[in-house]
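Each of the next two complexes has subunit A plus one more chain, namely subunit B in the first and subunit C in the second.
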Partner chain A sequence: MRREGSAFQGLGVVMLKELSDNLTSGRMVVMEWLVVLIAICVVYTGIQQIRELSAEDPFLLLRLFTRSAEGVPNLVYVLSYFVPLVSIGLGFDLVNSERNQRTLSRILAQPIYRDALLFGKFLAGLVTLSVMLLALWLMVIGLGILLLGIPPGAEEVARAVVMLGVTIVYAGVWLAVALLFSIVFRSAATAALVALGLWLFLTFLWPMLAPYLAIPFISDSISSSSDLLSQLGILQAFSRVSPGALYAEIVGVLLDPAVRSTQQPLLASLGLALVQPGSIPGAPLPLMQSLLIVWPQTVSMIAGVIVLFVIGYVVFQRQEVRA
Partner chain B sequence: MRYGFIAALAAFTVVLAPAVRADDAPKDVKGLYLMSDYPAVTVRPGETSTLSLRLQNYDIAPERLALSVSGVPAGWTATLLGGGQPVAAAMPATNSSVALSLRLDVPKDAAMGTQTLTVAAAGSSTTLQLPIAVTLAKDLPAKLTVTPQLPQLRGTVKSSFEYQLSIKNDSGKKLTISLAAQAPQNFDATFTEQYGSQELNAVPVDAGQTKDVKLKVTPPNTAAAGDYKVTARISAEDASATTDLGLTITGQPKLDISSRDGLLSARAAAGKETTVPIVVTNTGTAPAEDIQLNGSAPSGWKVTFDPKSVDRIAPNDNKEVQALITPTDKAIAGDYMTTIRASARGESASSTFRVTVTTSTMWGIAGIGIIGVALLVMVGAVARFGRR
Partner chain C sequence: MSEDAVIEAKGLTKIYGKAVAVDHISFSVGRGEIFGLLGPNGAGKTTTILMMLGLTDISSGEVSVLGFDPAREPLSVKRRVGYLPDTVGFYDALTVADNLRYTARLIGFRHAEREKRIADALRRVELLEFADKRVATFSRGMRQRLGLAEILMKGAQIAILDEPTSGLDPHATAELLGIIRGFKAEGVSVLLSSHLLERVQSVCDRVALFSNGKIALMGTVPELGRQILGGGYVLDIEAEGAGLAERLALIPGVTGVEKTGIGKLRLQAERDVRPEAAAEVVAMQGRLKFLGLQEPSLDAIYTRYFESKPDEAIEEGARHAA
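Presenting the complex of A and B:
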């Protein structure tokens, strides 16, 4: 039976209601404040560190995101761990709580399609996360200007804006994962645990596991630099299963204009440097070129959000709601 | 006739032989002598002159000789000095001599003319007398000559022209001769020692002696080709001498490379040929001919030129050449150094260009395509699974 009218009828209503629920719920308030306060502390200590160093850095603003005091993780690192937690916290009971409170059939009795319900819930979650991240971002930039006294340049701001967008997409990946589990599992606790378990697995276990899984694909002998680079490429391909690894690669390149390859940090950890013959090391790349380097990773994350959402959508559409 | 010649030669040899030996120990000369190398001298009024005398003993026993000077005109002072002090007697040992000097203080207003002074050495058995004629005269004018050994030199603007000059003092006394050179504007001319680098303004030359100095002329880099004249002038007191020296500068091409708008940077996409207009300028003084262009870039890059070489560039003229730079396909985005060199028979110039390599945006478009496909899947899912 074909439906009549737009599939997105009522999308705005659902989204606004969800958004107001999200922004007023105690859970969200606690989580957001937690993340924002941690981030501010990290940035503040980072600024103290930056002030002691030379100010002759054309990309001082970007260092706010990547530098920190000794023993304190930097802001990007903090975000890569806490953004998934907030996303999962926001999304693990989106659908199954409606089901458990028996409100799902009531909503769907209204002239609202299931499509609109799911889209609305997802978008509301994404907007909530965006608001939180934007507030955080503005605070970081503001603190930077206030404490460092240096006006940001256009290139720096553009890079920081792209970084904000990538962080929102990263949050979207985990929101889509949480939404999928909230559809699949009837119990909210199960959904939360499975989502957190997946996060733990991908964040902590996978980086340890990936090199062992990559061993069959790696030849034993390294005779040239291109061999080394191709083997690093294989290792990277395995580690990229984790969205956190993708996010770290993208942000690492975006926030440091001197980085020309996602393999550069890996080589640096081996005590090597990527030297192209004839190239001028340390020369900053234009934003477009930095973006092109990590464009495959960015596309993977965006497409990942869409695919995860579509899986959740298909599962939800095939479920019985009246039970 | 023949015998006569031989006899004459023999006689000459006999005469010559004692003369040669007379220097060390004349056997047939005996006695005490009061001598002077120049017993007739010319001095200037108002000055103090010193004449050297010698008391020589040949083969006789030492004897005390009292010394005196007679015939000294009024107002003059004549003092006999020995070993720097006034002496009144001398005693030369056998076959030896005592050096003496006669100091003459001639007053300024002394009349011109010749006076004869007599130096006498009186011993118990002998009395020696030496008349010395002293002529008062005005000073001889100083006379200088300067002679270049090689007066015409040839070279490029980069060479330095070195003239060896012989300076002769033909006057009667030691002079400090000041040196000067007049060279065209912006030419640098300095006098130095003949073997040394010390620069000189003046050089002392003893009377009748010659000293060699070096005049070094360095033309400015901008000097045009042509003939130039340098005048070396030496002077001391009221005398002076000049000599004209010539130098011929042959022109030299000098190349300079820049881009059309002066920027030494270019942008190039990886694997794609980029045209960089390059201007080769000849800032030298002679035409540059057969100019070859080449470029050195990171490995895997290709640098070619259109045209490959330039036949001729006149001085102060320039030619535009297109450099075709192709970064390697696998170039990573970033800034690279590329050196472009132009060389023309010994003269070369190079410039380093900073080439910013950008990578193709094709994969970026492909990425957007992938996102588009994902969105299409979503739309398809909405259409397929949408329920009432």
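Presenting the complex of A and C:
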């Protein structure tokens, strides 16, 4: 049955309202201060480390994201925790708050479809997260340039920009998770707890579980290096269920031009080095090459956002409006 | 009636799993009419309303609202119909005016028109002075009025009000019913639901009495009264004068006179004998203090109807449980 009019009528209005709600809420103020603190902490400790590196390093600025001082985590590590928490904090009550405030049926009695409401809320959340991450990114880069006193190269900036984009997609995954739970659970507290529980599971328990789950698929004999690589691939496939692992893989390649495969860190932890025929180990890859390596991971993360959103959309369409 | 109907339902049905919430109901609401959907809790009033707004799927049957099918053309319906949900809520963090501004933007009003409509609507429900206050502190009565303001602002042709008076004190109820009469005066059709029969009886032109998802009775209140309570008019008279009761009993059409108190009489009649009764009292030089035609009470009609049809009521209960 064809529906009358556009599914997105009123989308802009919903988005602007949600955006202004997001930007003026107390939650947001807390998070903004957190961002500032993180940026200052990370840059300050990172700079100490980087000063010791040779000034000849052409990717000095990128080291700011990946180098960590003793006992202080690096920026990428901090982001991989901070981003899901902020996304969940922003999204866990998007739909159920409308129910609990009894505004849902009143708003849906206006000439809009449910699509516009849900999409507007999601987009507003994504824009809010993007603004926050962009602010953090600009602060880190700005402070970095200021303190290091070296202007960054074009490729360095390009890599950092792509990394920002990937981080926003990563935030989108968790926002979609939170949105889904805010649709499924009528109580905001339940939705928040379940979302946090899932995050805890995927972040802390899954990395421990995944190798055991992969055992049945791994043969005992490793006769060649290609055997080893394919088995590492199986391990990786299991770990990638966690968006955090996917994010770490992508960013690891993007921010270090010397990394030629997402398996490199795994190999390195086994004390092995990846040597590809016709390439010089440790030589930097051009940006396009790095992008090609992580393209599948990036696409799967985007697909994850879409799938999660669609599930939420379908559930929402089938729900009764009354409480 | 039919060509001037703004809402027309035919065999409208809603089934939740195995339970039938609304069972083949048919009714129509005329332009400028106040129509009441009355019935006890769980009778299916809210479900009927949600189907008319396209907010829940219709299991079978059809309904047309201003000529549009809510299932296929929900936007056209929702643009022209105002809805006050049974528990209406607003964004507590926003001001009164901002709440209405959001709705006005969703409807698509431009800035200048928006501000004018909002101010007009708030003035009508006497909330203008609170325009810049947050809704969080509002009482239930104020929220209901704000809900009506939203419908006024929308310029709706039909106002659908679900339990507009529930939880309100008598004063707030009277105020609200006043605003609802105002709708009618402007040619806006009103469909309202309630389980408080006597409260809304005074404003409704016609009512449909719901029971277990079916419309048990439909018509104007006096019509239903004659139909169910047996024909006849009941007059209350308060007057002083000796032998008044006997004289009044002689008026043609009066079938009975009953003393209900000191100087108080109740007349049963086949027709409206108010003019004759007044003339009698004056002719006897009695002092007429009160003369009124008793409206049949919906409560009485409802109770009587289900008393007289116990079989059906039991059968309904059994079907529902099955």
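Convention: the second predicted complex is superposed on the first by the 314 of 323 C-alpha atoms of A that agree within 3 Å, B and C clash if a C-alpha of one lies under 4 Å from a C-alpha of the other, contacts with A are read in each partner's own complex, and residues count from 1 in each chain.
In the analysis below, a residue touches a chain if its C-beta (ideal position, glycine included) is under 8 Å from a C-beta of that chain, and two chains touch if they have at least 3 such contacts.
Here the structure is a predicted model, which means the values were calculated and not measured.
**Q** Contact-wise, after the overlay, does A:103 reach subunit B, subunit C, both or neither (first, second, both, neither)?
**A** Once the two structures are laid over each other on A, A:103 reaches subunit C alone.
**Q** Just subunit B (first), just subunit C (second), both, or neither: which does A:121 touch?
**A** Touch status of A:121: no partner.
**Q** Which partner chains sit in contact with A:299 here, subunit B, subunit C, both or neither? Use first/second/both/neither.
**A** first
**Q** Can A:159 be said to touch subunit B (first), subunit C (second), both, or neither?
**A** So A:159 meets neither subunit B nor subunit C here.
**Q** In the superposed model, which partner reaches more residues of subunit A, subunit B or subunit C?
**A** Looking at subunit A, the partner in contact with more of its residues is B.
**Q** Should A:13 be classified as contacting the first partner (subunit B), the second (subunit C), both, or neither?
**A** second
**Q** In the superposed arrangement, does A:67 touch subunit B (first), subunit C (second), both or neither?
**A** neither
**Q** Residue by residue on subunit A, keep only those touching subunit B in one complex and subunit C in the other, then list them.
**A** Common interface on subunit A, subunit B vs subunit C: 1, 3, 113.
**Q** Under the definition above, what is the set of subunit A residues touching subunit B in their complex?
**A** The contact residues of subunit A facing subunit B are 1, 3, 7, 113-115, 260-261, 274, 276-280, 283, 285-286, 288-289, 291-293, 295-296, 298-299, 302-303, 306-307, 309-310, 313-314, 317-318.
**Q** Provide the residue numbers of subunit B that touch subunit A in the complex, in ascending order.
**A** My answer: residues 297-299, 301, 331-338, 354, 356, 358-359, 361, 363-364, 367-368, 370-371, 373-375, 377-378, 381-382, 385-388.
**Q** Give every residue of subunit A touching subunit C within the complex, in rising order.
**A** 1-5, 9-10, 13-14, 17, 21, 101-103, 105-113, 320-323
**Q** Name, in rising order, each residue of subunit C that touches subunit A in their complex.
**A** Checking each residue of subunit C against subunit A gives 46, 50, 53, 55-56, 71-76, 78-79, 81-83, 85, 87-93, 102-103, 105-108, 147, 150.
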